[in-house]
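Chain nomenclature is as follows: A, B, C and D, assigned in order of appearance, with residue numbering initiated at 1 for each chain independently.
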């Protein structure tokens, strides 16, 4: 491979808040593009930097290749140019990921977000992952953001792999959803001289992420409490840490509820409460039970986001 | 759902040994159907009950939908009718799994092997999995075998889910690759009155599996040492436990080497040594390093299967 | 260290079944030596090879140094000479383990069972463990049995460490409670030429253990169903595998119930039902709830060991 | 139990930085009280709030009961009254923990730090742990700080148990060494109205801890870079987050090196380099290899703390 010059690193900034948008379905579990459009119209009133389309919360694992691309196209049409579209193009094989990446870019993605392949996780060593991402970035028409989400993949993209990959001129950042703040701080420390940008992958550690140098966050909770997550961003950027702390505290439990605890069914239920189109998930994800809905509501209530 | 009558349970026996066949690729990483055919010709000289097509060792996660079906078609053409074809049809969504299942049956599969969906593993509760498999079995034209492979999925199909599903007339068995022999014994104990059949998912615990009531095995190592794995089966079935033990002992390390330790690249390297077409894997799986090849060879040598 | 000659390996056989005896307490949580004596009297009617005193089920972690020794003394006095006493002498530091080992031998232990130190598990490498056990075995007046119990220690004694240690003339065997039958088979394969003896650490995989070459078992369940566990041993030794399988199947759930599922409080509750002195545990182990007691009883009932 | 009134909560503040001091040993692995004294003399020049005696880094698991107490006595004598002594008094049984707690208080501890019992971790439910800590706190003559260190115990003290225990008037805080900043933020959110105090258990997430409301830190690295860790504290308390971030970044790798990566042998090696008495560990902890020493030195060097 030829020597790459860092002078070619794109100046694209990915700082700010992104909701990893949910994919609404009809009762027959078909993608409901109308409801998606309505959600996006509402989201455009918040100061989001853009949208993550087909992060884990988008149920991308349940969409066909064609649906994945069509969703990106629709989002591109629905939102203003200045809203950055970061599209999840990760597949298990390198070749499929490259193809999906190219198609995503054609469909309107400004950036691709590439999850670690993980089915053969025992062999997904640093070398294998560096090889994979290098190939993808070499062929991608748009900048690449690495995506580590161990809760879903059982795999943490190793720090040394991230550091190596940060030198690739077409790899501009990392979305880290693991939440290990020590690791996040270390990655920022070892890559900041290259302008590498790290996004916190959850609202639960958004403040802590900013405190160690993250430039923003991809937050499931922003699908529900978009204004509040953006407010937390603003407090952090303006150094109002005391207020930020108060707000962060009130977001942790709701955030855990719509991610780890109740998953996408919980996220969509909460979206319904806050005026967005959540609705049901694709099977095999089950809707919440009555008891779970009560618990979820309680969590939003005790933190002051809903009345009981 | 209507009451299902167990009288409808198909009499299909899945006892015996199955290699989960590897998928050969050309240098350009395209499926090499010619080499696949050659392997199958050779395998037909062993007393296998049939073939698992697109188990984890088939790199199914790296194949397109079309390739997955074409491989099943080619295998069906290449092997005699009496060899049972068990085809991996699992996908992440229930709907995609049903479609793939139907297509696999059309393409010649006698049985489908359905891996647990796992990307949203935090929500893959017993209820969700029972719901998923019930739907798939309801729509499958051929019998269904459950497939639990925690090393790849991070998820063990819960015992209570297996017991519930064993009552479905179109779910005839389980391939358990986790290797927890206590669990395997318990599942057999709780389902044997229904004629439910359990296959050990690895040659490493094939003898132990038989000792607690498994009816056979799906063994990566059978791609390499097919005669020996079938010999072990015969010793177990004939109650020659002492000889079985001796043989089992010599198969453990080679088996671990071509699975956990060196993965599919190790399996394919060993296939090359024993006269089959192994070759390289699809990216991101890397070939073995020189050092790894030496270690692999050493393991086959010290156990008496290769000269040094 | 001088070259050790294997000719010095003691001929001591540790084959057979051992209950890892529970420690009865008074209402004030003091060791109840009277009740312990009663249990031992009853146990002596079963064909146990001996007794494990202060395995994990003996709540040894909750006993003082003096209590640990006194319990061994009392057991030695209560049971006939020919019953082998295997006493748990493991401590965190090498020095403390050596001292406890020497004292245990003085107190009547025929063999010591030495659990892996585990508090600093991140540094308990193969080298550290080989060093530890070598020192202990060098100083022990009686033969040493290694003890790997990952459910409690979070640490599996690595196979390579076991193989190295099997060459020490004063290390005669391993109690493996992890239940990975592939690992157990491999260890036996790699150490049998030295006469190294492996004991299954649970009744849940006792049959499977025998099938791959284990010489016996240390089974919590033998505190409750001693005759049945010994019967299973006999069936295995006599090659009556079909009957063995039937019996094994009915012991798995009760065994899991008194180990993994309900722990020592469950074991002691079941002991009470079968005429032994179980009673309460030392704090912080809590007694079972009413609901747990019901579930436990149900498990013994559906497997035919208690009437409902 | 009687209703406890929160009015009785002691006003004791535990804010600030504490080194969890190492225990020096002689060549014969005996506690070297002289070298301990020398270390303390040097440490007293740093603005530490006090000292943690027999946290995990003190090799407490390798000390006898008598040594544990004697070390506390010596530390009490060596340091000024205003330096708070937080002594680790956790044992596996509740009774032993109470006794050790009482003795620690008699020996000069201002506060006890009580690690979660963990040997029977499968049964260490929230109820069991709440019961355990309540009993200990009821009997402790000095305030109790909870201690959760999953890397050593395999057990995270559950959030709901912490919240319940925070209501006990004699339980004043938590040392959390797990490093999950979302969890730490949540615990602070749910207990701050009671004046409950949380300490970060590592220098790796000290800044992030302060950002979400922790009051200080117990940092192994403070044994080596005491001034720098205290400087980081000051920057955080004074709201100089940008400088804090720069300093935090440079402390992450050295901190990981003396904890997770190289453990106590690494910590002691680094202490030697910085003018303190580190020396060797008790067996089974092995000294670093030459290669490990090089790596350790490299880590301190590239972060600017040592010249190469």
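Methods note: contacts are C-beta pairs under 8 Å (C-beta built on N, C-alpha and C of every residue); 3 or more make two chains touch, one makes a residue touch a chain.
Predicted model, so just to flag it, every value in this text is computed and none were measured.
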Centroid comparison with chain C (C-alpha atoms), farthest chain: A
Copies chain C and chain B - interface residue numbers shared by over half, same or different: same
Mean-CA-position distance for chain C and chain B (Å): 35
Centroid distance [mean C-alpha coordinates] between chain D and chain B, Å: 49
Category of the chain touch graph - line, ring, star, complete, other: ring
Contacting chain pairs - touch in the sense defined above: A-B, A-D, B-C, C-D
List of chain C residues in touch with chain D within their complex: 29, 56, 61-62, 64, 92-96, 117, 119-125, 127-129, 131-132, 135, 151-152, 154, 260, 263-265, 282-286
Of chain B, residues touching chain C in the complex: 179-182, 185-186, 188-189, 202, 204-205, 207-208, 211-213, 239, 241, 245, 248-250, 252-253, 255-256
